[in-house]
């Protein structure tokens, strides 16, 4: 079938109003117009919103009275797309949900598909997957450590964050071929084994990462102005955060001791290493920064452990050439850098899934903003957005 | 003055020469400061190189930027107040221009040696608040308005610590004349030893600190850059300005930084004078260079702080000015007065 | 997952939710009436087999493990016959409740099962997607799905179902709830009063499936513009991109180095590798 042969049909039962797209700028929001207050649009183009997030706030001077996040500027319709894709094609798609830690997005999906097929990836593959997941966690957190400083005004740590992230991206590129979107997982294992010298290089980079964490602790976490800007700002009570679905470091910074690597169903190589789960009782922006700082160091130590214990062996299990996943349903959740990511996969025995529900962490993290932003100052809005650390692709899928 | 480097000239020519020199000095100073600190020092602190293409090591980058700005389309927002929008940058640059009138660069190299030099300099530097408010209001942009209102509150609040810091110097020098202050430092002595004169930074270190902090706020630089908070308001009151109008703002900002650094060098570091060198002819030539070196030191401190610290929130900023800096300034004056009377 | 020791049944005290849940679990383990049937099939709590063929659409073919049985018993104690079916979904308990007990299920989960964390609320459309095949001139590269309608582990009354997953941050267990909604005009109760995070999930569910939630404060579009018509995740909503522009298929323009030159497509399309 060539593109020039058959004419493109028009589906008569659905006439999409193309004129609807013109009114994107005036999207109806649930904020009542009131004289005397000012309605300010933060975004969708704004340096503080990490992407195309639009925050419509009603201000009284510099105080926020009501905030309404308008999302969907980056909605790519992944759940619909997964219905017309095969499993290997879907891994390419889901790399791009949380693009700063792409490898971690593939893991729950591949894990789910493997469980449905009753295939177990060999231990070496599991270890390498774990190492790459932790490397992507380090990559995204190191960037966060620098760029939260940028949001509160310190220009320099942001560059250091990018510089240190480059080391980790080089490692990921050497192993997988892609800096940002590795697309390295396959059902049954991983694509290729590690190159020569990678393990030693990773050990060196982990030392760099740990030193860099010390630098960030000094220059930002201990800085009086940073503390004045972030302490007691944006406090999320643990129980309310859980009811909203806030997960990951955000919830741990509110004192909830819950980490799916330790507490959830066992996946990858996490049951075989020791690591500490960091929590902080305060629940404000400073503690979210501090928890991620500690978790970065912890991830570096985990990678060193994993490298020491790395088993030899095959990297791919015996898998049929055409992947047909038997009929079934499964729900898989993992501790991604941004929070809890999960996939609910329904398979009907075809080469592609019947329905995939992607539970992304940032969606729930951002849903607490209308509650969280009441009564804060405009600069604090920026601090809170920075400390929640969402990625637009994760919100909008 | 009617002698310009030993050449006799009428007052018209003299005025013309002075005007041209000062008008040329402001962009030149802005360019030098901008290149050294904004482009190179900031880049090296952030472990990157900065511009390297335009000229050797990028020295002509700002010249290229200037040309780029000049050839851009002049865009005015449709709902803006056109005349106010156009005049606002000029008001700011004008206040910068006015400061340079009293700063001495040599024994006779000063445009007008006012007897109330310090008073005048601080008074005209606060004219820029009007320009900022005009820019923010006429832009017809809510972000610009937020920035301008923040700026107005901040700039007015930090006038006082600036003033109080300088009062100590004036008390110690006994005059408000800037040439007199330079002279008092060059000819003074520390407990009888006149090797390095008596730079007021030694006794007025509190004042120096206050002056640096207050001038950081007057220039809306981090940690006091709420009005132009980059990650929130994206250039605040300047956000609707493009092309050569933005160039005016840029020159105004760095020109004022140049002026404040020169003021600090004059008030606290001894200005153009080298203690012990009394050859006025030599100092006419060396003076500007000495002043330049001293002001670069002060500017280095200002920009170093700018690139390191996060920014304070508006209410924290105000609290710092009213509750911390002003009491310190008052205490400084008190102590200076006591010492002046006692010794 | 925490496996509590089975203690003799005690009176429930007025302690916090977690203690209540623990004691309730211990208690009902002893007295398990409905849970007994499942517990018999339970062997050692290992991973159950996955063979669920199209014939067995009702009843759970995989046995529930201890925690799941305990949770199910607790749910049955509170919801009774509102539970239509249950299954084990690779270690997660899957419970299908009657539509009128949807909100009650949430309350029971939050209060008695100590499930304070809302993971997601979504929907599923069991109708097979109309195949836009060669005769229509649309997309032929999509995987071929079976054309008859099957309903998954716990079955379904019709085309649309809601599903939601809640977890306990302290106890580390979770339950997935499913309920049927009417095909013609899907409605359900809103969970906002129990889990405030349900707000956005339900907005997305309405937008994508057309399920109206009673009691939701502000049911409006989340991802799509306000004037959007249609509900995209329904199976009869076509994937417009493929209709508007047909998929060109595998077009390899650049031959691999060393290989013979293959037939290149006549079109100037850039090669899409996969």
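For clarity, chains are labelled A, B and C in written order, and residue numbers in each chain start from 1.
Simple rule for what comes next: contacts are C-beta pairs under 8 Å (C-beta built on N, C-alpha and C of every residue); 3 or more make two chains touch, one makes a residue touch a chain.
Because the structure is predicted, anything quoted here is derived from the model rather than measured.
The busiest chain interface, judged by C-beta pairs in contact, is A-C. When you average the Cα atoms of each chain and compare centres, the chain farthest from chain B turns out to be C.
With centres set at the average Cα position, the gap from chain A to chain B is 45 Å. Here the CA centre of chain A is 22 Å from the CA centre of chain C. Between the Cα centres of chain B and chain C there is a gap of 64 Å. Residue positions of chain C touching 2 or more other chains: none.
Note for the complex: chain A touches chain B at residues 38, 40, 46-48, 62, 149-156, 159-160, 163, 219-220, 223, 225-226, 228-229, 377-380, 382. Partner chain A is touched in their complex by these residues of chain C: 1, 49-54, 89-92, 94, 116-120, 122, 124-125, 129, 134, 136-146, 150, 152-153, 163, 165, 169-170, 172, 176, 195-197, 199-201, 208, 218, 220-230, 232-233, 237-240, 242-246, 248-249, 265-267, 269, 274. Those residues of chain B that touch chain A in the shared complex are 42, 45-48, 142-143, 146, 222-223, 225-226, 229-232, 234, 306-316. Residues of chain A touching chain C in their complex: 1-4, 6-9, 11, 14, 16-17, 19-21, 23-24, 27-28, 30, 71-72, 75, 77, 79-81, 83-86, 88-89, 92, 115-116, 118, 238-240, 242-247, 251, 256, 258, 263-265, 326-331, 333, 340, 342, 344, 346, 348-352, 354-355, 357, 359, 363-364, 367-368, 371, 396.
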